[in-house]
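In what comes next, chain A is part of two complexes: it sits with chain B in the first one and with chain C in the second one.
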Partner chain A sequence: MIPKRTFDAVIIGGGGAGLRAALQLSQANLKVALLSKVFPTRSHTVSAQGGITAALANVSEDNWHWHMYDTVKGSDYLGDQDAIEFMCRNALPAVYELEHMGLPFSRLDNGKIYQRPFGGQSKNYGGEQAIRTCAAADRTGHALLHTLYQRNIAARTQFFDEFFALDLVRDEEGYVLGVVALEIETGEPCLFESRATLLATGGACRIFRHSTNAHINTGDGLGMVLRAGLPLEDMEFWQFHPTGIPEVGSLISEGVRGEGGYLVNKDGEKFMKRYAPNALDLASRDVVARSIAQEIRAGRGCGEHGDYVHLKIEHLGAEKIKARLPGIRELSMQFAGADPITDPIPVTPTAHYMMGGIPSNMHGQVVAPVRTGPEEAVPGLYAVGECACVSVHGANRLGGNSLLDLVVFGRAAGQHMIEYLRENPFPRTLPEEQVDKALARLARWEKSKGSETVAGLRVEMQKIMQDHCGVYRTEALLKEGLELLDKVEARLPDAALSDQSKMFNTARLEALELENLTGHRPGYPGFRPGPHGKPRRPYPGRPSQAGRRPVAAPYPVFQGKRHPGLQAGAAEAADGGDLPAEGEDLLMMNPDRIVSIRVPPFVKPPSGDEGGQGGFFHAPVWQLLSNPPQPPFTKGGRTVRVQS
Partner chain B sequence: MKFRIYRYDPESGAAPRMQDYDIDFDPRGKKVLDALIAIKDTLDESLSFRRSCREGVCGSDGVNVNGTNVLACITALEGLKEPITIRPLPRLGVIRDLIVDMAQFYQHYRAVKPYLINLDPEPENERLQTPEDRAELDGLWECILCGCCTTSCPSFWWNPDKFLGPAALLQGYRFIADTRDQATNERLDYLEDPYRLFRCHGIMNCVEVCPKGLNPTEAVGKIKSLLVKRAL
Partner chain C sequence: MDGQPNPSRLRWLCRRGMLELDAWLARFLDVRYSQLPADQQTAFARLLDQDDMALFDWFTGEQEPPAEFRVVVDEIRTTRYPR
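Presenting the complex of A and B:
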């Protein structure tokens, strides 16, 4: 048996969400361990730039209902409106709390928190542009992450830095009882026993070749959840940020456009006026990304290969750029060789955010069709942050809502865990065979022999995802991509490590990360019938053979929670059936459901342009959007209370 | 391109050595980290280094390139003299290859109580702060804890256990300078020590190497003048 450490709660991931939850638990005097595969301030939250959205009304009139409306609309009406209400309502106390913690927000002349306009923000339910995103220059994520880490130092949270979580330990009755982790420095595994476990492992955009994400964003929590026999949700929704630096992928914040920056094509035309005549450059991210993609496809891109457009901010003046956008200027000079004070910044849509993830509710509990109900909480398991799908972002996240998601749901999850721990005071018997299963992951790479390399397979996979699941998707392209992904995955068992040392073996980590990214699960139940042998809820679009995955999503996809309509045909498709043929069952395999970038209704593709070809127009949503519901509005039978 | 990289394998028991790599790599627009990744992916899987954000904001990949502490991810390959010599950050224990043991560095950081101390009841909304007061924090809070400054400081090389080093002192001053913080006296009490603060002799290597362009020496100077003012 490997060494064991016992805690009340274990948190996996040291980004904003994990740190916020840890703080809540530590302040309640619980024994909490925070595992992170990097030192916490190296987490990807640090890269967030523009800000955190809350209707503080410091600059312009505002109220959280408007924020909620924008978020619902921005999500393409696919978000959970109860959760969105919870988030937007709690945004104000959450931001004030961060300020009290010491976060160095930029300030207005009257001493209040500085706010800037962001895409998709409106006053009065779709009216003029609102100014809602609270910022610390253009390094809000850095400020937030460091502040939360500092508060955790004060609260004496127990950190286990550079521990890589291998797998969850889940018993016969479905309780999650801890996690097996690898101490990276020594290379020795260790069991963390706890009554409650929180996954805050972040996104997985490293599945794409060009991404704004850090190298560490490899969806480790997703892999763990799949191997524990639980599903994922909305995995077809990947957000492409309109403005990433070409090739490198570094993010150029939406705040740049919020401060007054605008996009131009090679002719110097401010093309956004053709696509979004009202919101212009501050249309929501999906719209702007798609507009840029359309310009590039129409041959109006800049540069030798015409594969990017220009973002101009010279007119703001050196002083404002240095005060409000210093980080952007640094990035642009370092990675694009352009000083935005004098030159335009080259930008192109870049994979940025995973809207889908581990299905969870607004208390952070992981929910799945574990026994009889469609959304039962998995006892002892929580998920927050980008790895979770609450879903407050639906099919498209608004800028500034991700940092908000972290702190609001991080806090809520911490709070709920405290209650859960109170109600479940006694440890349960730990199933040792589960621990052995987790250790098998390590054994697989020890003394491995084969002809494939981890790096080679990773690069191939990233290229396939980039070419087949990008901004423009067609069913044929996706199917082809899926086949190619299958081929790559089939070669994974042949991959071997030449470096089989133990101490700080980063090659081994990359292999384990690749397994998480591909959802590869040798010897695990995956999304097969659960531990009791009862058939699980069917996952729409799920192919029958193990190892095959739904189109565009290398994971079994759970679409139960937010899309009641989509469940209609689900029962029939239970365990049989391959990918439904085209048009066979739109509910099951509607091509629209695999397109995260879409054109809003008021956008007409320029005539004579083949622009509409790759994008799918979702008729029901189309109609819904051209006639936006007025509050109080409902979705899936739920009425949302709107108070004034 | 030619590289000379510091290698140390803790399991083999062998002494550290410099290993030469020759890789066909187009340096245009690429950074040192890109080359390290290319070497790891194609030539030598066992080469170990930390990396995360690859855009100079997380502070994972502080290394010593051609004798200067830098972040590998934002250091352009073009213009570097070949063979490009890459070593771990100086003075810290080496765990493996370019990976150093940062425990001492983090301990100094925690020692300055890097969190806001304000015992007043929390107001309903935000605490107010003028833009001018807030501007006092610029150049302080942006620190990414990469360790480039502290490990380039000769005073730290001499007294790594007692001298807090530029990064921790910069963070110490970040909270002293914050108008919302109420623990200035306690903070100054802690720093008023022949080693913790006063081993800084204004050598300014920290200013030279800081990848974020911060100025820890200036912060140290401000702490010192506050101590003088307090004593008068």
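Presenting the complex of A and C:
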């Protein structure tokens, strides 16, 4: 038997979500372990630079209802509206709480928290721009991490840095009783026994070839959940940024096009005029990403493999570039080897955020069709943050909502775990065979022999994902991609480790990460669609057939409004039998939402599709605008009070 | 960190919260690190103990790094994968 440590609760992941939940528990005097594969303040939360959205109304008039409206609309009406309401209402106390913890927010002249405008924020249900995102300079995520980390130290959370979680331990009745982890330094496995376990392992954008995510974002929690026999949700929803540097993934912000930069294909053609004749290069993110993807697919991409296009800003002149875009110039020179003063910047659509994940409710409880109900809580298991799908982001996350998601649901999950631990005071018997299973997986890599390499397989998988499940998707493309992914996965047992040592064996860690990544790719046998679809709260004008929360599906499945068949029957959607035939219907995944265009491929988006509303034509926006929900909302017969 | 660090440990410490840092550090470790004199290798190990945002500012040239890291930061900024 491996060494065992016992805690009340174990948190896996040291980013904002894990730290927030751990703090809640530690402050309640519970014995909490926080496992993190890297030092917690080096979590990916650091990259969330923009800020945290809350309707504080410090700069402009505001109301959390408006924030809620924007989030629901931004989610393409596919978010869980109860959860969105919960998040937007609790945004205010959550931000004040952070302020009181000592998060160094930037300040207005009157001393209140500074707020900045972000895309997708409106006043008065779709009116003029709201100014809603609270910021600590351009390093809000960093400030948040450090604040929460220090608070956790003060509250005596026990940190296990450089511990890699392998597998959950789940008994026959479905209770999650802890986790088997690997101590990276020694290479020795150990068991963390706990009555409640929370996954806060972050996103999995490293599954794509081009990704803005740090290398740690390998979806480890998703792999663990699938191996524990639980489903995932909304895994077709990935947010792509239209312009990232190929391979490296470093993000080239919209600001460059705002300053006058424009996109060209390999023929030097300014192709955006074909897709968005009026907005051109300033069209919304989804339109630009789709246009680039189509150029690349049509063989008009630049470079040896034709897999990117060029962003030109030479015409702005050296002085303006140096003055206005120094950071972009630096990144381009560092990672693309191109000085934008003389050369174009290579750019391509780049995976940025995973909206799907471990199905969970607004208390952070992981929910699945475990016994008889469609959404039953898995006892003892919680998930928060990017790895979780509470479904507050639906098909698209708004900027500033990810940090909010972390703190609001991190806190809520911590709170619920306290209750759960109170109701379940006694440890249950640990199923030894579950522990052995995790150890066997580890041992397999230790004895691995074969001709394949982990890095080679990972690159192949990332390329297939990018080409077949990226911004541009058709049924045939997806099917082909799945077959190719199956072949790659079949070769995984032949992969051998270059390093068989124990201590700090990074080769082994990368192999385990690859297993987590391939595990949750579409089509994995464990990726069983749960028939869980919960009715979302109706609002005035909402089409009745669109009453379901999107579900886990065997592979990316279109969930838009134009396919009432898929909407109405979650189970049929999950079967994947209802996909439209190729040529008849073009399925596309885009950064902002899912779009269905009913005409053959390579068409320009319908007219009116090039401004802020890009690709939104199938959603009932007009219905909402002509009949906006007025507070107080009623919810299940009871009136929800407006917070004053 | 004292003495000569374990190379595998260094590789793991190059895993950061920001993609650009991953790219910079991995590139440096792959291409340049082993050619550096021992004192600069130690400086690199100490550099990895620094905060992500500090590293980002130094590597982008936004801020001047402290004297002890100047050489190694410069190496990181100028290292490229061979074509």
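Here is the rule we go by: the second predicted complex is superposed on the first by the 415 of 644 C-alpha atoms of A that agree within 3 Å, B and C clash if a C-alpha of one lies under 4 Å from a C-alpha of the other, contacts with A are read in each partner's own complex, and residues count from 1 in each chain.
Keep in mind that, in the parts below, a contact is a pair of C-beta atoms (placed from the backbone, for glycine too) under 8 Å apart; a residue touches a chain by one contact, two chains touch by 3 or more.
All figures in this text were calculated on a predicted structure; none of them were measured in a lab.
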Could you check whether chain B and chain C clash or fit when both are placed on chain A? clash
Does the superposition put A:150 against chain B (first), chain C (second), both, or neither? first
Quick one: classify A:109 as touching chain B (first), chain C (second), both or neither. first
Counting only touches as set out at the top, which of chain B and chain C does A:211 meet: first, second, both, neither? second
Of chain B and chain C, which one touches more residues of chain A? B
With both complexes overlaid on chain A, does A:505 touch chain B (first), chain C (second), both or neither? both
After lining up the shared chain so the two structures overlap, which partner does A:42 touch, if you call chain B first and chain C second: first, second, both or neither? both
Could you tell me which stretches of chain A are touched by chain B in one complex and by chain C in the other? 38, 41-44, 46-47, 139, 142, 185, 214-216, 248, 250, 327, 330-331, 334-335, 337, 499, 501, 503-506
Which residues of chain A touch chain B in the complex? 38-39, 41-44, 46-47, 56, 95-96, 99-102, 104-113, 136-137, 139, 142-143, 146, 150-151, 153-154, 185, 214-216, 247-248, 250-251, 327, 330-331, 334-335, 337, 453-456, 459, 497-499, 501-507
Residue numbers on chain A that touch chain C, as the complex places them: 37-38, 41-47, 139, 142, 145, 162, 184-185, 211-216, 248-250, 327, 330-331, 334-335, 337, 499, 501, 503-506, 509
Complex contacts: residues of chain B adjacent to chain A: 9-11, 29, 40-42, 45-46, 48-60, 74, 76, 95-96, 99, 102, 106, 110, 113-116, 118, 122-131, 133-134, 137-138, 141-142, 144-145, 175, 178, 180-181
Complex interface listing, chain C residues touching chain A: 6, 8-9, 11-12, 15-24, 26, 51-53, 59-62, 77, 80
